[in-house]
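In the part that follows, the structures are each spelled out as structure tokens.
You will see two complexes here that share chain A, one where it goes with chain B and one where it goes with chain C.
So, the complex of A and B:
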């Protein structure tokens, strides 16, 4: 989950996956998002070294890669907490009680939006409509979606994370 | 109550509906086999045109006509794109299809590919739908195993591949040209049109973009015929739609219904009425980007004609219900914050306009609004509308203008009294009872 740039660049399995992604699409450059997803999940963010590595692999400029990394909300160019909590803030979830849930999470973890707990375990963010508005309030923890989350349920859910 | 006819959800709820074997036991790929073995590409395209199938992604463009804009020759490279970015607030129908009946989507895309001799297809799924992407990936590989994808599909001479691309968190990538840039590994910034995708799309090649639900209708059109389909429900939006009910509604969820269902029936008969047994205050009838309706504007059908009568549109089919406990200023602040955050920043009117709109509405909400703010807001709206590369700017303006025009009193109350209406002090939520 949180490898360093050097560890990642000498990881055979990682390099093999990158090679495979290169051949996945009609044109190599279409693999960029997939490669960034891979790096993001291995490192927890996408370091400059890794951006430069991807740039070489796809024969694109490092500036292009940085432009893409900073455009998309799911990519981070700086380290964050081990686990990312994203609370849906959009209208249907707000009507369901999303603000109550967000306040609870913020108080429980002692952090505000955009902050990381001092032990590096949690980063808290809001996210826009997750396309499950009938089951709000919705949150995502890393890649997992949780719906109809009450404050009490949240307390239970986070027990499974380290 | 409008009669319920199941087309899109007919397999949903059956055992392991996303698996190819179960799907095929319930009719999956029969329409594809019929198209490939008994029909010419022209006949297939004609059925889709006759069906008068309207796009389900928001704009409602006739799908058959759009497909026919692609060059007709067999040689040129052509791409089909399936838009599975589903990010419009209040919209959660494509998720249902992706997770429960991916083979219906694939079958629709492959039939469309046969109709226009497409080279390959892309499904662009929003990055947050990680499990949906896994389900689609598996469905695609199963379709290859059964020879519904690949070279010379079922001996028909059609070669067609489907590629899955995962987005990475950007509403704007649902806009078709931003989506194509994203497929090419670029920032998701919309392109100017013309050239239109039918001439200059993915990798600069002719391309056609349709929504998940649009493609999912095609198998049934081929199975039962375009003319059968065109007679279902509403004349201007035939067939069924997946309406999504959310917000202050007792039974939120997806309802597959004909478009001649009225908004009142949708809310009270299907949705079970208003959460908290409160009065209805407002409804957004087709995803957050369409004009809002007041409680007395719900006796209309959910098709283009019906919603036009009350100044709105069917959009993406996402119906957001607001009861009387909602502060309308706060609701609009929530929406404009969404558009400000999701503006890609290319066009000044959209980037700056959504920012200033948010600041003004936030001020009113905080009790710091001043007389004339509503006029200022409406004037900014005028300066965004129609002045941007893509319709995100317009999409931000439509809720703002309609909220202000229809609930002007409540905005003025905030500005004068520096507080919310008393009945909105405690908003209903699912935690209320």
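So, the complex of A and C:
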């Protein structure tokens, strides 16, 4: 999850996967999103060096890769904590107490939106919608979805993460 | 657009160089595609308009004289439809429709200025202004900004903003590029720059980053300069606001500057430029939207003309007194020249004097120069640097076809089905032609075959790249012909009706099987076969070549082989197909055309032909010599042998450009009398006895002939500095002082004289060139010029096959000199650097010479990227900087020749092609080592 750019670029298994993705589509450049997902899952974010590497692989302008990375909110171009908390910020969740939950998380972890704890354990973000409007407030930690989360439940949930 | 199409699709003059917007609009629903082009009637603002189906509302309105505002629309680019200022009301439509992206439909009723439309435009512009940094007071774009003009037209009140200010929260100014800067706070996200970079330039470097109001554009991933951007400035010209601008502020408002259209003085493309001038200073250059470049330029054309303002320009004549060049008056300088030339003539005869004319100056000046040498001095010893670049083309193509020039037009390339580029690093030497090639590949699916020992930029766009060993061109071309004949892909009808000598050719190429060719050239047999098939089978195939083919001891053979290949497949004499040597310098085509050659009068009329000689004797009123003169290298040898005593050099710099420089310097120092006419104190001028200051291309009138045979006009943009004068006036003064009276009122008058004596220029007069120029042959005043050559009949009648066998280069690597050296040009500099090395931005890109060496060799030899390296050949050695790159093959070295402090030509071989007398710049055996 937290390989450096150099480690990743010399990882043969990773390079093999990249080659495989390239051949998966009728046009090589269609593999861009899949490659970005792969890199993010390996590194936790997509560094500039990796963006340049992908540009070279797909014969695209590096700026184009950066454009895609910065367009999608779920791609990160800077390192983030080991665990990513995404709190839904849309109206139904807010009505269900999302705002209070967010304040609680922020105070508990001592970070604001977009920040990472000094121990590198947590990054806090808000997100547009987690598609659980009937079960708010909703949050997502890494790939796991939690619904109807109260501040107390949150304190219990995070005990499982290291 | 409508009238362009009606002239017929096959007339290349009308070929649009960018994708027509029509092709990109959505297909018309429910309409038979065959209907496209049928004329329909629509109504705009109550006016009946007839337009072809497929036209957009915007184009239809334009044709009816109705103006619809636009911002993201640009006629050269595909439709984006993202700014919404062109929205109009279409009767029956649910919402307002973008005029730029909506095709017309029969009986459509459109309203462009209803209250609803006006309100919509105002809202859009107000929204744009809310996120736009309105610092018009200090913005370079003020007066030319399309957003500013639109706000002005609409009477927008900026004080009472309709929307809260929401400027880009990333207001960065990226000024890392040497030539341009980007201010995201002024960017309106129209994406014209992105589309210009991708669609027009075929580079696709610029992209949009981030989202929503934070959207900004960038070329690089960190900043502009870490990208592959080469500074052509297409994006700057496409930008509607001041977001992308020239880095050096002109500090002059558009309305204070004067715009003059003229021709670029760098390469042979002949780009038309709009030069902005204020108080006799050049402040800005833009590409003119006309043939041949349609608004595009390269970095040199747009940003490399600051040398014109240089303080180092020569301003007064100079005479060497007591070994030192001292300022003199024009009268003193001219009478000194007359005295010395007459003295040499008297003591040693006419042939003891020679002249080097110039591919940098105008046709009129070249004509007068050769006239002076021939009529006033009485010798045919006149030549110029075409000898060093395309002499083999002139010789080879004249033998094969009867005429040695590009057979097709630049615009035709975009529509060729196959383009074979060999020995031309087009991206760096003819950048605007490279954009046409890239567009052909990207937008029209053209198959590109590159045959080059170096991994040149165009390889990135190529279907196939054949990497031949340096100097083995005859072998691979014969190999391709072997495949074509054995697979029955040759064009029998064409061979029978249009050519002669096929049987001899068939015999010689028989032994060049793909396998044997692989042994000689190292090109895999499979690739050679594939290339032969693509080239021969394509509906139209165009060959582009340049110095990589010509600058060999077998240069003429190489050119003949290329001609053979084109004739064998019938890929010549029709639109989009032919043999296209790219001429290097702005007017190298013209200098040859008007007779700055030792064996030809103007128009390639032979000096040795008595009837021709009589014609010129009659016209010039003097007896002429019937003996062919000496070529450049022969002149240098003759000086060394003491046969030539006096040399007049106009706008050339043999001290950097000629092969085997040690020898050149020895010769030039030996001349009894050396005159140099130039705009700067060049390395050659520094050796001269008299130096005369010339006006540059931007300070005089005249014509250049570009690589596609188009005679184009130069206009006076600036006043020449100090006492500098146009070369033609200087030549007139010299000739008159020598006793051969020469007087012209202007350049147009000289062109009229050229036209009267030169059949291919017969109808060429300045008044006919005002807009687009004319492509020769143009035999009379009513002739429109010739778009492509050899239609129905070759200039010499039948095309002639010349069987050519493979001969290895003069010098091949050996134990002492194990590397292959080749030399050439780079994008950011031009020839001997007299102009480009005085340009600030160009030197920011590349300031010093270097040698490209393969990383494996760098490692093996213990060198370092960026470190020093010593390169030597039998003739000399230079120390330069290592550039480790896979562009060159292992065992090869490439050195650009622009840099006098590390002159590549110290190393090059002056062995000559036996026919064209061109030296072998492209292959020499060299040693590469770490300096001691």
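Heads up, the rule we're going with is that the second predicted complex is superposed on the first by the 162 of 162 C-alpha atoms of A that agree within 3 Å, B and C clash if a C-alpha of one lies under 4 Å from a C-alpha of the other, contacts with A are read in each partner's own complex, and residues count from 1 in each chain.
Here is the rule we use: a contact is a pair of C-beta atoms (placed from the backbone, for glycine too) under 8 Å apart; a residue touches a chain by one contact, two chains touch by 3 or more.
Every value quoted in this text rests on a predicted model; they were computed, and no experiment measured them.
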* Asked: Of the two partner chains, chain B (first) and chain C (second), which one does A:48 touch, if any: first, second, both, or neither?
  -> second
* Asked: For A:102, is the partner it touches chain B (first), chain C (second), both, or none of the two (neither)?
  -> neither
* Asked: Does the superposition put A:127 against chain B (first), chain C (second), both, or neither?
  -> first
* More residues of chain A in touch with chain C or with chain B? -> B
* What is the contact status of A:71 with respect to chain B (first) and chain C (second): first, second, both, or neither? -> both
* Answer with first, second, both or neither: which of chain B and chain C does A:61 touch in the superposed model? => second
* To do: Considering only touches as defined above, state whether A:150 meets chain B (first), chain C (second), both or neither.
  => first
* Report, in rising order, the residues of chain A that make contact with chain B in one complex and with chain C in the other. => 60, 64, 67, 71
* Structure fact -> Contacts from chain A onto chain B in the complex sit at residues 24-27, 29-34, 36-37, 58, 60, 64, 67-68, 71-75, 89-92, 94-97, 100, 127-137, 140, 143-145, 148, 150
* Would you mind writing out the residues of chain A in touch with chain C in their complex? => 48, 51-52, 55, 59-67, 70-71
* chain A-facing residues of chain B, complex -> 86-92, 94-95, 120, 126-131, 163, 165-171, 182-188, 203, 244-248, 252-254, 284, 288, 318, 320-322, 326, 331, 334-335, 337-338, 341-342, 344, 427-432
* **Contacting residues of chain C [partner chain A, same complex]** => 204-211, 218-222, 227-228, 460
